[in-house]
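Working notes, beginning with the structure itself.
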């Protein structure tokens, strides 16, 4: 099975550089089942990181254009590489392969191992967007809290040690308010590979959205599940903007 | 007060032509309070009509680019001219004036006059998107049903008589399943000006999203309300895609 | 359009005196659209202020008797001048004009500009009643908190400075527990005209129920919306108590 | 223990006459535990039957005046004799004895024996009021349906045979839409004593609100439970309207 | 009426000894209505106390075997003597008499006297189980908090004084987070007879699950209510494990 | 990774015989990832099929005894082979490996590909139990309907052709009432291998609980997720019944 991890922005031209794409591909490949072939792709256009609803939405047209191409290339599933799941619904309308949103996959993974989860994300600015996201999935009732470490995405790697410490503090606060499971609410945080360390420190499951979305993709392919056409119907008329 | 009704697609280049923009402006002006100055603007790019999530999302970047410009031009509020409220959240992040989504404004207007409402929209394909939309506003509990007349947006005007008949049938079905109030789930349907006729025929309030959004805009301006920055924070970093 | 702001108690005979009615009329008129003619009326009987469910309910029969008379006088809408919306549902049953409850109108206005709101009211004793009220509208899921400044209604004016300070403290506490928008949960508080000052101090929208209900009334009249007869049916038999 | 069943209207002066009060007292006494002393009282004023929200609310002031007197007379609990529970909250504020609302007691009794209940009431006009009522108790999620037999309260007795037949039809319809338990949504229906017959015919529990409220009152007294003062606080200031 | 209070474990062989059964029988009898004949029975097998989901579930088969026998003995209702209501649903499937779960009965009693309740139980380990339990009854929306005094069941009696003090602290914390009514979440706590004392100290109703379940049983018998066969159907085929 | 599929009853001694265990093992192995080693085990005791809550609960003690043994044998995850997830919570308390309930895993898989799902199970008698189950997971809001084909578990195989036809009818009925995704609510139905055929016929995803639970187990192991100890705490005291 071939899975594409699609970055909705030109990460390789940002501060993390093209080597980060390679590193992410390796990380995913190592976490994948043997039969999985994994490729990381990035958009040529769009924001260098996604830290607001505005940036999320700006990234979507490129994703919508890319998705049918990636499907035509033979990929069996597509992961949208941002916790906010930008463009999840419309992308599902346009292709016949499973499209995975890490935010949704993480929430469902958390619901598998616990009964009330908190999400810890990067900056306060995305907290209300994550609430809207969970509401739109009908899962707000399982969310005990949404918190932030207040470190911008592009500084996460260089401040990795600090991040783990802050995560631990926020995690304890989240447990106090009723969480039994935690989700890291950012893909760059996921690729920092701190979820396991955090899990060991605080003693409850910590969902890494990178891994949750990879497993959701592998599972869907493996058992032949795809988006419901009753929930994500094919558009009836040709979409001009995608024709060019 | 100056309100811009922003069409998220180049309607004047479509089958309805530039005269439809003029007509819509006149319709809005007639419905507006005396102190309201209303202008209709359209996007240069984007889909000619919005009948899928994909088209909704494709229209958003142009809206995000236009919004700060329109604010700079001195408009006091902006209505996004599509029932699906495409880009409502990110547009609110980018400007300091109220941004009104007709779908949201209609749902809140319905909640003012009834306790359970049904939405009747154009085509079946947008029904699941409207459910997601109502969920994301935390209002799914007030929705009794979402139905469609199965007439594409661009055929609504020429099939106007048929549409009213079908609306009446769907309206009765919606009352059967518990609705006490109806919402027309499409702006072009709203501009057909059939809401009042339907209301007279079936005897319950029928919300016209055109009028609901106009009144929401006028009200917000009039009493100095704007989007909460805790719900729609200003992006922390410069948004590249908007800079060019 | 003619709107009556109906006080469900004989305020002019209380400590605030008849000049307060005049002042309120002027405040409303100033906030109204140009085409709006506004009149303040009060009940001859009933409690001098409403600070308990008991007082709320005691005020209702006079409202029910007044409403058809006010409709016959030619008013196009009626605002019930108490945040608890006493008698909202039965009054809607009895008249064919829109009847606006400030509590409901404020909650819907808050839902327009934010996604989770807190209500700050006068005394602790009305907090549980406000929860019942929001539940009965199906909006409890949007409420993050209900708090009180612990100042009785009739002392609000003389302790106005203190009130703003306490409001600010309570507002910060409400933001801490997840509110992104605030509502002042008392009409006398609304007429103190502190909402704007509070909004400036804490940086999120503060809904003034006086203005929210005024705009809801003007909007409903302007677009021809009235209470759904499926939600508020006309009583089938003559209501004896109203006959005399 | 002494329980007063309080009729919120002058039933004895209506078509059912004073003998209906006697009959109801006997019915209740027969259903009561041995230690229970039961008295039926009626209001001197108010509607002869309650078949609209308006009539419900008009009956409340008399109830609020009566309640403290009945408490002073030594009653240990008070049942408000109308399924709509008119004045339940404010009456609880004013007295220190348990106040039982038959609608609430029936919903809780239904939740004891099933997991989703339907309510079958008299006329369509009260259906939306019952929905508001269940919402205000936070129990709307357990309600599968609210239906009506379309027989006015004051005709129930003379059309008793017809009523049972119609109830059976409505009951089957309610089972079809997911109810596992039924509630008769009217006290006069309850005193018709058809609940048991209906239960035998359709094979699921049918809650008689007369009996549900009686048992709720006896239970509360027996174990020393009374209304929470955090939910129904004593009014802080003297209530003028009750002073006279 | 004959009610059996069924202990789902061999309490008499544990540290509390057979005298505790006698004491509990006396306590229940004293709280019962005059016409009630009460018997305490215990399971021969099963856990000596229930402080985890595992112990709850291990106790169930003995309950399922006992229930039809107790029904055959002529009992009119059965109370399952554990707050977690172990085996409530399946026991209801197997017998034609009312089966009462103290957790469910307490939640419904709390909903009668307040609008948001907190549960205070013994040890932290059962808190998540109680949340699942309230969710499965559709009542999670009424729960403000679930807390624990951190005293194991079998130490409750000897540490009774300490328990009351800790209960008071936890009760105050629960009021802070919005509870207006409290439930003691453990039957051994209920039999300590501290509910009334706690209620006096903190001024809100404290539901004793022992008494709540007793009254629920007496009420159901008294008015002829039994489990809905649509919610708890009789198994279609013979249950082998119960045959032997 | 080694996964045990645990049958909570002695299937090999029932009409399906030991060859059915072999067949199921083969079916699972074929659907598993290459690195997965799968073993089917069955309980020595318990019901031959589970078609009531009573049978579900009777099967649990054997599962609780087996789980620690299976963990000690080195299995990395355990699937409880019944859609009702009997003993899911207590089993999770007792072991440190992931325990998968097919009902829960199927609901979460459905939430991944659609937004409202219906469950089609075997007999009407288990429908209310499935509602309780979904409620206890906090997922009732995503369920549009629960239906049954009215074929007992043990007749499913011999009546396989008929079953597919009935499933198709029920599936269409479920789509009518708003489902966009279907779940087969029985493991024996899952092993019939009709999900794919049904999916092809009706055009929406049909979740096979056998495959959903297998993928949930593989995913959890693969990314190191286990049950939250805050949701499923280890029992504090030794569980006697498990000691022997």
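Chains here go by letter, A, B, C, D, E and F, matching the order in which they are written, and residues are numbered from 1 within each.
One rule holds for everything that comes next: contacts are C-beta pairs under 8 Å (C-beta built on N, C-alpha and C of every residue); 3 or more make two chains touch, one makes a residue touch a chain.
Note that this is a predicted model, so its numbers are computed, not measured.
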Which is the least count of steps on a path of touching chains running from subunit B to subunit E? 2
Using mean Cα positions as chain centres, tell me which chain lies farthest from subunit D. A
Just curious, how far off is subunit D from subunit A if you go by their C-alpha centres, in Å? 52
Centroid distance [mean C-alpha coordinates] between subunit C and subunit A, Å: 44
I'd like to verify one number: the distance from the centre of subunit A to the centre of subunit B, where each centre is the average of its C-alpha atoms, in whole angstrom. 30
Residues of subunit E that touch two or more other chains: which are they? 115-116, 128, 132, 137-138, 140-141, 180, 230-231
Every chain pair meeting the touch definition is listed as A-B, A-C, A-E, A-F, B-C, B-D, B-F, C-D, C-E, D-E, D-F, E-F
Quick one: which bits of subunit A touch subunit B in the complex? Just the residue numbers, please. 45-49, 51-58, 60-61, 64, 87, 89-91, 93-94, 123-125, 128-129, 132-133, 135-138, 140, 152, 230-237, 239-242
Can you name the residues of subunit C that touch subunit B in the complex? 31, 33-35, 98, 100, 104-105, 108-109, 111-116, 137-139, 141-142, 175, 179-181, 196, 199, 203-205, 207-208, 211-212, 214-216, 218-220, 222-231
Which residues, counting only subunit F, touch subunit D once they are in their complex? 128, 131-132, 140
For subunit D, which residues are in contact with subunit F within the complex? 115-116, 141, 180
